[in-house]
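What follows is a set of structures to go through.
Heads up, the next two complexes both have subunit A, just with different partners, subunit B and then subunit C.
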Partner chain A sequence: MSTSGIALTNRWARVSALAPRGHGATTLVLLLTWLALVVATGLRAPGFLSGQTVVAVAFNMAFVGIMVTGVGIVMMSGAEFDLSVGVTAVTSALIVAQLLVEGWSFPPAMLVAVLFGVLIGAANAWLVLWLGIHPIVATLGMMFLVSGVTRIFVDFVAIPRDSFLRQQAAGAWLGVPRVFWVMLVVFTIVGLVIRSTRPGRHLVAVGGNAQAARARGISPRRVQGVAFVLCGLCAGIAGLVLASQGDIVQSSLTAGTEFRVISILLLGGLALTGGRGRFSGVFASLLLLSTLPTAIVTWGVSSSWQPVIEGLVLAVALAVNSLREKKR
Partner chain B sequence: MTSRPKPSATALLSPMATSLAFLAIVIVCGIVFAPSFLSVANLASVSSGIMAPAIILLVACLAMTGGVADLSLGSVLGLGGVVYATVLQLSESPLAGVAAAAAAGVAVGLFNSVLSVRFHIWPLIATLGMLVAARGLVSVISGGSSVAAYTPELSAALKTAIGPVPVVLVGVVVLAVLVGWIIRYTRWGNHLRAVGGDDVAARRAGIPANRMRMWLFVVVALVAALAGSLQVMRTGASAVNLGEGVELLVYGALLISGYRLAGGGRGSALSGLVCLFALELIRNIFRLRGLPLPLTDVLLGLTLIGAVSLDLVRGRVRRPLIAQPATG
Partner chain C sequence: MSTSRLRRWPLKAVAIMSLTAAVAACGGSTDTAEPAAGESAADKKVFIGFANFAEPESPVLKALDTGMRKEAEKRSWDLVVLNNDRDGPTAVSNAETMVAQGVTHAVEFQGDGKVAPQLMDTFNAANIPVIAIDIAHPGAHFFGINNVEAGRLSGLAGGNHAKENWDCKPDLVTLLENEASGDVALLRTEGILKGLKEACPDLPDDVIQRRNSPTTPDGAQGVARDILVSKPDAKNILALGGNDNMVIGTINAAEQLGRAGNVFGYGLGADLMLFGVDTPGLGGSTAFWYEGYAKEIFKLLDKIVAGEAPAVVDSPTDPNAHFNPACQFPNDQVKSIPSLDQRIEELYAGDAGSASAAEKYCPEGVETYGLKG
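Now for the complex of A and B:
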């Protein structure tokens, strides 16, 4: 009797450690805010509640969401974040577009673009984990490096209309772009893997306390290195998503996305220092921050306010994250 | 008995020696690749062109000594420039323009300082939001195009030269000496170094570390905005991308000369200035050779990563000096 009682407490302790109080509340608050935003915008401009908006927002979510997944892995592992995802994604989109123009078939072109993402992720991992450069500085430097090199060679590429990418990936399923479902699958798998598999728990352990993880025989460097490489992989996939939309890929297409990615993760409840947070909150926050730009334009605010609002949202997200950590 | 470090190692530790070596390498490369850069007219134009970054470098060096690294400096430079130009157009009074730019700078500085100090967020991360927001405000205020603000007498005053040496260059060097003196020989500078080195220890010694940091944020943003209006006075127009990347240029230069992002370090204002001049010479050489513009971004990225790696090399050289087990 008493032993089963202890087992029960232990299990309960484990469960409550997996699902700390507050995460459900975070998700709920974010979803309610999103609902309020949608209702308010819909009342003001009935045209907002249209299939067109759904497609626009869903595409936004698909592109940003895949990068959020990647950077989320990095943040969870305690390596803070990766600022180079935006330019990596756009470069991989340019690569796939250029290769298609040159007459490559889709699968090898796709492979090259994704491998490029992996390469950048590995480079980041090397800079941060082996050279010991702080993640912000290393990935900021990488961001300038990649975008500079890319723009030396190519500024924009038109995507051939008859390519597999335009034919297949651009379509819709259940009224929502296919790429959205791709994002949803990637996001859900990563969320589940982090929550309930052994590698996922190692990731969380390293993010929560690298010293303790090392004492248990987990190599923080290896785990964080894998996190950076996966993040690069996600950036490469996001590039494919970007290339599947529109007629041309432009090097200036994603300016500022890396900052929105961080806002989404922090608002969604991931701790900047790693090891805490759940992907359900992140999804709610992705929904909110991807709807916001479209809603703002509907409210009649000039789109040049967009970066101002994104910057302020990032500041708020940082403050909220800091308050949450302090409460702990 | 401790062994003496090799002469080459000590040279790496001395900020001025590193900076001069860097400058020498750049000049040799310049002579090889673009001999025309040695002309007096070109050198004068380069040295007056770095006025705004140089002024920012001097306050950034004060702030960095106290452990404050502000990534929004370049955006605030642009904001100061565009506010000055717009107010000048409306009121026709340069004084009102400068006052407005100063007010904008102080507002931004207060925002950053509250976010970083009150919410305990590392300065580099806390200022990311403002990096985006202030740059967005520039295009909101200017409507996305450059604003003309030509005042012949001010422009001429800023362009005067004694022989081939621009007056502003002399002013900047004098300021650099002054900043170096403040940091090294005044009580306030002493406190500043204490806060940057170890703020817990500084607080125990009765130094108001938080208040000092808040002031640093405000002063840095104020001076960045003023430097922006000076830049516009000189050139007569405020471009939308005014000051883009300046923060990387400035922090790259400071890191090469021996400052550290986490605070402390052993750089000096003058050696930082030498590095800034060397970096600007590289950009000048690129321009003279007619190399593609994005190469500048590549340079900034490499500088940032390279400079931090240099700091790690320095750490390796220094460590044997501090904790020397008599091995050889």
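Now for the complex of A and C:
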């Protein structure tokens, strides 16, 4: 190799060393893609770069983001998915709404709704970890059970406008809806606990290699059980957020919500097999996929093409992610 | 061998019991016994099979369920009520159950268009006339909403508001529709546009933002927020859509963005507005009067049973089909009509007469569809 060739290789090696690797790279790529989307849309329609867009995207992120956090914990623990998270959230929303209609004050109504989520999480843990049913089968069954039972009792509930829930959640802090801050707090706590605390490291260890974790004295069943319960807790909180956003809560969930949750987690770099990934990547993924629909409408793309574009962006991003994983 | 038999017997018993239980469960409640065997076709007692859309937990399905039972009771007709459980295959299986039980007439309410031909084959083979509610079934009398006309009433109400308040120059018209609902969504949108243009013929097309939306309130909110963000300068906003959820979702989205001041919405169905959902900015909704469905269905059944059956019109786009009368219903008049339970009581009381729900409850001076005079 010539001297100039060696110099070039060394320079490239130095540049490469500066580039983030692994999950940091996932986050960076997603954030850069998001930035490119925002800049391009802003250039086309300057009105896009406004507080209105921030509010719209914040609302897009809040409800789904809390569910993403819950399912992310389950995924990280190696227990795959919780497909019942959406209907659990909807039912929690119906519970809090119904109790408010019946004259309950907000704190006990909130507690009952969140406890319902915890109960469903515990039931999922029991089905998966004690009865040995596959997580997808167990949580899918739970999804049908909760949604079926809910529909027997209630179709929709109108939420009183003067209730504490509507009054408080309707406001904003620093120009951003309060529901977004709720999501951000939940997200940050979970991300920090997983990354920096002993229970978090246990979760990652069990998700990465359950046998090795067991050899170190960690109980995978206990860790994964807690993961399901926390996912239920997140679903309960998501239900409160959902109930605060409009005049009605209905017993049916928007079609494809569970698919969206899982897409965000996979795009954010969480491994399907558990134990790998960072919540910073998941947040970047949530940000990107929550901004995309707003940008698409601003670009004037017709409704028929919207799911095609969203699907395409997701497929390309997942393919790139998968290739990177294989390389590693 | 004996062990094997011993094992098999309990299995058989369980299977028989399960089958019996399944048939009973599918059958919902059988109010009266099926007609006695040996009766001739001519003097065979009328036995109606009614498969409801789902468990009657929602006000709409509950009203239909109650109405069907009361009307059958008035005529001393036998009735069996089944639950299609929002599921096509369940509807097919329920059709088979109805035929097996010997119903003479069937009223079918199920939303899976793909199984409609299979279901109709079952009834046709048994020579049972069918009335299909809201979703077309080939060869069955269609009964339901005239989606184009209902949409027109909402579009007209919205257009009139735009004419009176904004000189037919709204900054934005949001028009949400659920493409997955197929023809129903397209027909409603067609009607809304027709009514809107009737009031404001020169309304430019680029003011109208027509977008696909989920039918859920939170889903509609998301779509509406995105539309509003794409039109940051729009102040006078007219919110229309394929159902009340979409319109209320749009108003809620405008509130979230701090732009609810000049939003006027007009819903479709009134299934939320008439059940207590009070959203500021919702001017009204076209009322479908689901609680009156049973009354109109039995008027048609009376004709069929009397041998005066009108020609079968199975298409919801055919103006000769059987439609439930509908009308515009302003939000500020919701408190002036009785509650749903009272309306059902009044409509199906023994001395109720033949007036439809729309005739009884539509306010004076509003636009209507399907009302005589």
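Definition applied: the second predicted complex is superposed on the first by the 276 of 328 C-alpha atoms of A that agree within 3 Å, B and C clash if a C-alpha of one lies under 4 Å from a C-alpha of the other, contacts with A are read in each partner's own complex, and residues count from 1 in each chain.
Here is the rule we go by: a residue touches a chain if its C-beta (ideal position, glycine included) is under 8 Å from a C-beta of that chain, and two chains touch if they have at least 3 such contacts.
Just so it is clear, the model here is predicted, and its values are computed rather than measured.
Shared-chain residue A:Phe156: touches subunit C; no touch with subunit B. In the superposed pair of complexes, A:Ala56 makes contact with subunit C only, with no contact to subunit B. Of the two partner chains, subunit B is the only one that A:Met142 touches; subunit C does not reach it. Legend: residue contacts after superposition of the two complexes on their common chain; A:Ser304 is shown touching both subunit B and subunit C.
By the document's definition of touching, of the two partners only subunit B reaches A:Ile262; subunit C does not. Within the superposed three-chain model, A:Ile248 lies in touch with subunit C and out of touch with subunit B [touch as defined at top].
In the three-chain superposition model, subunit A touches both subunit B and subunit C at residues 151-152, 304, 306. Against subunit A, in their complex, subunit B makes its touches with residues 111, 115, 119-121, 124-126, 128-137, 139-140, 143-144, 245, 248, 261-262, 292-305, 308-309, 312. Listed in rising order, the residues of subunit C touching subunit A in the complex are 54-55, 57-59, 179-180, 210-212, 214-219, 221-222, 225-230, 232-233, 245, 248-249, 252, 255-258, 272, 275-279.
In the complex of the two chains, the subunit A residues touching subunit B come out as 80, 127, 131-134, 136-138, 140-152, 256, 259, 262, 272, 302, 304-315, 318-319, 322-323, 326. By the touch rule above, subunit A contacts subunit C in their complex via residues 45, 47-48, 50, 52-53, 55-56, 59-60, 63, 151-156, 158, 161, 170, 177, 242, 245-250, 252-255, 293-294, 296-298, 300, 303-304, 306.
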